[in-house]
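In what follows, chain A forms one complex with chain B and a second complex with chain C.
For the complex of A and B:
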């Protein structure tokens, strides 16, 4: 019940802050570092200079796309744990198509982003279809498909679709025309950030103000009532999962087109999983998810400085992220399983 | 002994080595899910077992103490999931996902704290061949024991009742929350043995990522094995067999990625009900809260 799931925001915020600073401090003390120095290095590394702020926003962008995708599925009562795989395949499709077909700028970027969106959407549609047609549990399906996506991308990029040869697990470099333009010169921050922000506002509008959004939320909040009201739960599940995957896939495409300029099999340090925390902290509301993505983007970019400057292993960031997910899952009674 | 026979025996031996950690993890998953708690955190439990057993074996010089500590660590990690799942009625899947992320990070953090190096621990006293054989045999003994416990004992009946209909179980005087809690914790202890096997029997150290998604393959084995201990162990052996064949088939031109994807594809097929009817326990994954 996403209605139940979305209450208690203030309490959640306190829980998150306690977990982040409490567990973070304990971990820093274990590493013989004063938490003041550790967190100081983290914040300084995330916001100290203009280029560090840019890098924080880069990380926020990379988390914002999959988090928005996850939120769409969660709002429909579907647990999409597969954003990581959807993002990866989106990135691969974008990188391969972009390097394979050199087009002029006004066509190249839309083509690359569309390829990523379609690939991610297709990968999300599989569990959606299995759910709608066979009633297969989408959680397990998306979990399995994450690993299959990794294997498929590895196979394609080193096998039949390799570019440049040598068996390297990456595509060729994208031509300049297919690279998203920088937002701030000499940083990795590109127009991807703006696209993500616009997408968040559009999704908010779609969820709150359109018939489709209403059906989606109804299917998540009260599946039985939605069914009686004539909403096709199977179709909603399929569309929601495909849309969710498409958004994550678009994220993978912007990561390739904007940040890395090529697909590499290790392009995501787990954005699709961290994004679960981002979506939950953002209360599954696209606008709050923007805020949450910047907070987690800060942990990602500042974590590197924390390790370099203060000597705190950056695994602390992942540890805290995992615990935030457990803590927030602990505050919410989720929907009873939908009946399709 | 001719060469063909030797090759066949080598593959069968490797099958047992590859299957054993999967069997332990899958048995843990079966016990947890039959009580009604989906354990996505199996991967995290394997990591906890593998890391803790190495750390304690290294500190005490005694691999048996290490193994016991690993089992306790697995039970404790499972207890976190069990607590939030039974007492707070949370979404078990989201919590399990968080558990995996946290366990991987905690082990990586622990490596830096204890060994002052990222990536891998030092070599520690381990079991060797004799201990490895014992753990392999124990996996099959455990399978039979769990099958018996679930099918034939009062506690097994209570566990299954809580997985099918916790409300009805409570009406019959069973404490559904406590039953689920202890089933998940016991499942965590069993699954952790898979981690112990990886780090102290197959190897003699812990390295980041050494569990390599076996917790998820085990989850696939639970489904493919239709939520029974015998079925799950059969599925684990099946997946282990293909893992053992991987090198042979790769030389014959079969892409290794296809072989690695097999357990997951098999689970998807089973999930979709394309390989005969598959039914999860009715209340699997459904939080139970007393009203």
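For the complex of A and C:
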């Protein structure tokens, strides 16, 4: 399946550019705004000043983690639509643990990030287990678990694990020691960006150079051949989903530790879903996903400026993102039909 | 006629004429362009250059039937030509028409049978009737006997001869030269997109046609060393199911240093046998391997570790990762026992020993020809001295040169002391390679022959399910 989803990047890039600028222009015209002014405001808002660049990279980081997780699942032939829920629970675990156990700096940050990774990994492991044990469709399982994750986090943060201090659906604020240090002073950009970049390079190496990565890709690209070659498809699916969820959960943890400094139930405006498009545009290759996440980060951060300065509704960005997913997925389904 | 696919000249300047009432054989190796030529004549593929003239409808019976499995026979035969009564289909008239058609051509059939319930030979009848309903002036048959038992082949050609006697021009696309000699009046030989010879069948022979197909002498197989088979695999009362394939109560043995051929028509339990040995499906009964019982629920990994290698029937979906390069495909199944640094050397070894072309470890496997893909698969399976090799249709759809190389390597593995179970639908392949022949029909072993006592006629009868 992942082979189907990985096609020539160059052509996909053209599709993306046509969708973004073509459909974006039409939407702006419908809002009675000149596309030149609209896109001008978008780019200016994303890259105009140092702090705007920093904010673009913050958004890129928040997309990069779940996109890398989704890509790992995709490469194993699994469609993880549950990154949003994995990210949310990772964020909750990070926020709760971080506020609950004040530790010195060199321990606090690793503890917070580990908690998020484990929670996200556990949430990803559930559909992985269901798939491995019962052959349950992971698309439906992960999609449903997003809702469960939201309800579970709401229940925990307002109920048994309530910490007080913040608002009703928040954990307490993390102590300074548990907050990721800034990369650029007076911005929200933290070391999370560097962690995400390193993670992308590590994942690329794992996928291309290790036996684990080899077996994962074999299971995704040719499951029948992989099975005959002694690769345990169930185990691979379980591990890939757990790893996928862990990476998304780590993303949630960095969001809490670096950006918000507490867990809030509304911490993600849908990063886990937008990240599907990021992973696809990045051709499921961790290094290209870095590029794609910056492009989508630009849309996210520039979209606010576009609304404020050009009067283009911010929803245009969501519209364009959704159409990119449909266009790329559609193109690939068509391509696979032609070859079979 | 000319047709290119990318840079490949599939059909390159071919002229072919068919006369009313003749059976004309079109032969050539895989990839010679014969199926493309037939598809152009039928109209399914457009020619880049050239024209097709026919005095009437051109019908085509496909090698892989184009039937709608869940519909009834009459629905398939009359698809899109259903007799109508206003807005509805006149079912009674449709049934009668199909029954009359069958009687007219001596093809007995139940119009109401659902196609998926029918055996292969009858399905082919449905496909044939669908074309005959349009009273074709020209009938193209693409590898029509690939799935038929020897006895069914004779009756199939009796029908075809009847058609020809009524004035239909028949083109048989095939690679089975014995049928060419037995049933055709003229032969056209293609190689690499071009016609290389035209003969009256009565004036030529199998050897000459084979040489023309290959473009030289047919390569000889590796010599068979004298070996003494020692016990390796001992199977008693083995039953297994894989998909629709069912193996019932099989008892047989394969010794180290011998090739045991399983002769049978496709769909008689061969897949269940191969999959049970590969560890893909569990089995009932007992099987001893090298003196120890095989666990009935072993994983494929456990069987690989024992030294059992299964060359699957469908290399593209079951053996290869098509998007990957040759190097990564060569080590599939050995990825844990080899260090990544050794992958290159392992690939070079297989490329060299099996003459994989292009000899480039970085070539993407999907772009290799079928023969080279298969050489890669067999090379991978034979690497590292396996103890038992199960070869399921190891030369399916590949050219004669590649097939000879694959068969030679299997014989060499036997000479070196491996046990080989050769499951094939091609009797010629089994007779060329096997030390012993077992016949399978209806999921059961129905006959056993030593190499010295092979009786082609008797084996053919047993394969068809007659005792």
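The criterion applied here is as follows: the second predicted complex is superposed on the first by the 327 of 340 C-alpha atoms of A that agree within 3 Å, B and C clash if a C-alpha of one lies under 4 Å from a C-alpha of the other, contacts with A are read in each partner's own complex, and residues count from 1 in each chain.
Note that a contact is a pair of C-beta atoms (placed from the backbone, for glycine too) under 8 Å apart; a residue touches a chain by one contact, two chains touch by 3 or more.
This structure is a prediction, so every number in the text was calculated from the model and none was measured.
By the touch criterion defined above, A:63 reaches neither chain B nor chain C. By the touch criterion stated above, A:215 is placed in contact with chain C alone, chain B being left untouched. After superposition on the shared chain, chain A has more residues touched by B, the comparison being chain B against chain C. Look at A:242: by the touch rule set out above, it reaches neither chain B nor chain C. With both structures placed on the common chain, the touch criterion links A:16 to neither chain B nor chain C. In the superposition on chain A, A:273 makes contact with chain B only, while chain C stays out of contact range.
In the superposition on chain A, A:329 contacts chain B only, with no contact to chain C. By the touch criterion stated above, A:79 is placed in contact with chain B alone, chain C being left untouched. Put simply, chain A uses no single residue to touch chain B in one complex and chain C in the other.
Chain A contributes residues 27, 30-31, 79, 81, 130, 133-137, 139-141, 143-145, 147-148, 151-152, 154-155, 159, 270, 273-274, 276-277, 280, 313, 315-319, 321-334, 336-337 to its touches with chain B in the complex. Residues 278, 280, 299-301, 304-305, 310, 312, 317-324, 328, 332-333, 335-336, 340 of chain C are the ones that touch chain A when the two sit in their complex.
Interface residues of chain A facing chain C in the complex, by the touch rule stated above, are 3, 6, 209-211, 214-215, 217-218, 221-222, 224-232. On the chain B side of its complex with chain A, the touching residues are 38, 40, 80, 84, 88-95, 97-106, 108-109, 112-113, 118, 213, 216, 219-220, 223, 255, 257-258, 260-261, 264-265, 267-268, 271-274, 280, 285-287, 289.
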